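In this document, chain identifiers A, B and C correspond to the written order of the chains, with residue numbering beginning at 1 in each.
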Amino acid sequence: MADPRFFHKVGPFTAGRIAEAIEATVEPADQADRIFSDTGTLEAAGAHVLSFFENVKYKDALAKTKAGGVVVRPDHADRVPAGAMRFLTPLPYRSFALAVQMFYPDATVEPAVDDSAWIAEDAIIGTGVRIEAGAVIEEQAEIADGCWIQSNAVVGRGCRVGAGTRIGRGVVVTYALIGERCRIYAGTTIGTRGFGFAMDRRGHIDLPQLGRVVIGDDVEIGANCSIDRGMSGDTEVGNGTRIDNLVHIGHNVRIGKGCVLCAQVGIAGSAVLEDFVVLGGQVGIGPHSRVGTGVQMAAKSGSWRDVEAGAKLCGVPAVPIREFHRRNVILERLSRDRNARDDQS
Amino acid sequence: MADPRFFHKVGPFTAGRIAEAIEATVEPADQADRIFSDTGTLEAAGAHVLSFFENVKYKDALAKTKAGGVVVRPDHADRVPAGAMRFLTPLPYRSFALAVQMFYPDATVEPAVDDSAWIAEDAIIGTGVRIEAGAVIEEQAEIADGCWIQSNAVVGRGCRVGAGTRIGRGVVVTYALIGERCRIYAGTTIGTRGFGFAMDRRGHIDLPQLGRVVIGDDVEIGANCSIDRGMSGDTEVGNGTRIDNLVHIGHNVRIGKGCVLCAQVGIAGSAVLEDFVVLGGQVGIGPHSRVGTGVQMAAKSGSWRDVEAGAKLCGVPAVPIREFHRRNVILERLSRDRNARDDQS
Amino acid sequence: MADPRFFHKVGPFTAGRIAEAIEATVEPADQADRIFSDTGTLEAAGAHVLSFFENVKYKDALAKTKAGGVVVRPDHADRVPAGAMRFLTPLPYRSFALAVQMFYPDATVEPAVDDSAWIAEDAIIGTGVRIEAGAVIEEQAEIADGCWIQSNAVVGRGCRVGAGTRIGRGVVVTYALIGERCRIYAGTTIGTRGFGFAMDRRGHIDLPQLGRVVIGDDVEIGANCSIDRGMSGDTEVGNGTRIDNLVHIGHNVRIGKGCVLCAQVGIAGSAVLEDFVVLGGQVGIGPHSRVGTGVQMAAKSGSWRDVEAGAKLCGVPAVPIREFHRRNVILERLSRDRNARDDQS
């Protein structure tokens, strides 16, 4: 159970109501009024707790669980111990996530503007907005309804923040238009001057960076990330994309819809990620390269060429994942052979 | 054209005046009074817009451009469509950068000290300084003329910030002397205790870090970087060096003049970069190693040995770039051969 | 000598008193009342300065040093020039660190709560606490005795900060319990929502992150790091662990005692580091993997499997360090042979 210092639980709910909310079918149907008061892992769950099972690696935990109900795929229904209810769905992890959301809904924003916040006279502040201590809203910035600007965040001159978006503690937003329902976490900086200049040993010459950062709706950006504004034209992040911590996005990068960028990824200037691209931790994408829809790259890969849609790559330079493993096996054998020869000589 | 919410354009200017400012020769000379009102890409430029051409990859865009003028190398002058003026220079990108600067000059600093800034009584503040909301200037700090300390930045006890330098929003500067006309972008931290201690399983023992960070003139440091102070002696960044976002610089690192460090580079303690070193994104340099003048390393390379001046390296460990490609080709062939054998068996 | 703008030196001390404090034996014993007024490098040290020698690479500097005393291992005692005192200890670097601490003790915290700090009415603040300008202490947070909360830091609702801990400038702490005598440096963010959701092209579905971050005693965390809170259960950092700058630690990671994580390391969700693990810069550890006690990984390595205690690894994927070098040698030879063949043909 979550620490009540930090998390507020609601409920309980009946099995029937949960099943409806999480898009599952509950069995036995005649017990749909059984009561659930929390969600939890298979190991920790008790009689009124809902858990889930998807990966067969955990089949022993499932066999022993004392959970009152388990979210499972229909073809795993038989594995659920007798006595536990079954919540059947083709996507147990997704349905379980919806169940946890039921019990632990997002905190609602209590509208308030703290006296210590600095707000320019010509800034436009919507209704239901919360602006916390030490936050700064510069001239002509627009903060739409229901936004939550947390302590010590800065929204720069002329920026627009869409309805329901949260700007985390210490975040800096400049030269940016941000969509609705986004969450930008602590310490992230958006709109920094792109790294653009003419190299010159007498002194590098700035190329003024005259673009913006345009972020879609429902985007999540982790902590301590940096997203540079465009040089000419915009740096873009598409609807529903999720970005983890310490990620760098260079100027004029365009990221599509629903992408997933793990921690410490770096995207060099003018690269394009089409929709639903998934990049593992510490991946690097070279400048001006295009990564096709649905591409997946393993952690630590580096790619500086165009990658066709659907490819699954690994390594530096990134190659298909099977090719990566094959090359490793080859090196391993060469090394073993050499060792054997060394031993004989 | 740049969004006027964020960018202020000046001008227009005559071709002659532009040519002079960007160190180019304009042709036809008798049209030197033609008017230009903006800069832009070859694709987007119109009759009063100046564009540029350098990379032959874009020759089709040049052929079709409607730009009123194009900055080009003399040997490309013939490629510029009839009707467009030619601004001839051996360094088109550099000259174009200067042209963009003409139309979009840096914002001037409006001197002001916000009431909500916290400034120690014995801090020394020059003339023409702007200090924004929530900024903190600690005891005995010195802020020279024309500095711009942005919202929620902190300049620690005893630090010195040179004339005309900008300290970005949320930046933290401690134990540091910073030169003139530098720009330190949002979220960067300078002067943190170096990672120095005697390892001991009974409890690691701190080695007090008694050095400083000394930054030259005209240095640009991106967002969310961290630069540690020296252990004994200083961590140094030379004049005109440019550092991108999320870069780590360890204690006692010495970086020369005019270097270029791309995003997410990490330089371990006591490494030395001589002048004009260029490091691609995510490069790592090992402790106590020396990287010679003009060395270039491709993105994601890792080097822990001394590197001689002028070398162009790639890989982990870093090897000459041709050698890196040769090894990749060898692995590729070994893999193909093995595949072929597997198919036959 | 350290810049007095920034560092405050105490002393002088007699050789005898120093020897006792640093767990060394001083020779000649009859000169134990000789006076030392500072510490320094072999090259810079003068007659009243204490230096140290451990690595034979610096034997020439030792031979020429003018230091009044040198901390050395007993088997190196003969190398110390006549006239200089010898401070004998099996761990010279550790003893020298203790000596530097004598001359440059940590600044003591002057208790004070700045008027511009924002402190919730129901926050609990211990005695001897310093809270600086612009800091925010949210509802129900507990700040124990002797803590130092620096400018513009934020301690979120319900968090607990143990006695004697320092929270650096601009740091953000949420959903966390932090032990005693920790130091969290500038710009670091703790307690961010973990990167957990069910991927779905119709819109990724949040899995609420209901855990905390629990940090032990005597932990040091560098600048601009991010540590996510657990999904269910906690993200943990054990006693005495040291973390450098720009490090990412994902949700539900568990890090043991006395570990050392160099800059830009990334630890993916649910990974476990047992005690005394040492990771070089830019290392990546994959999700759900376990790294055994005392494992050491070279900079830039990547590992996504379990690693047994005591292993020393390098590369991506990480292999034993000798194997890494062997494979490099093999590639080097293949490349040389191929070159030779190309030359002949």
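Heads up, the rule we're going with is that contacts are C-beta pairs under 8 Å (C-beta built on N, C-alpha and C of every residue); 3 or more make two chains touch, one makes a residue touch a chain.
Which chain is which protein? Per UniProt: A, B, C = UDP-3-O-acylglucosamine N-acyltransferase.
Note that the structure is a prediction, hence the values are computed from the model and not measured.
Among the remaining chains, those touching chain A and also chain B are C.
Rotation angle relating chain A to chain C: 120°, from a CA superposition, given to the nearest 5.
At the interface between chain B and chain C, two copies of one sequence, fewer than half of the residue numbers in use appear on both sides, so the contact is built from largely different positions. As a whole-number value, the distance joining the C-alpha centres of chain B and chain C reads 28 Å.
The set of chain B residues that touch two or more partner chains comprises 116, 134, 152, 170, 187, 224, 246, 264, 282, 316, 331.
By the touch rule above, chain C contacts chain B in their complex via residues 2-3, 5-7, 40-41, 91, 93-94, 96-98, 100-101, 104, 106, 114, 116, 132-134, 150-152, 168-170, 183, 185-187, 218, 222-224, 240, 242, 244-246, 258, 260, 262-264, 276, 278, 281-282, 299-300, 315-316, 328, 331, 334-335, 338-339. For chain B in complex with chain C, the touching residues are 116, 118, 134, 136, 138, 140, 152, 154, 156-158, 170, 172, 174-175, 187-189, 192-193, 195, 197-201, 203-208, 210-212, 224-226, 228, 232, 246, 248, 250, 264, 266, 268, 282, 284, 286, 302, 304, 316-317, 323, 326-327, 330-331.
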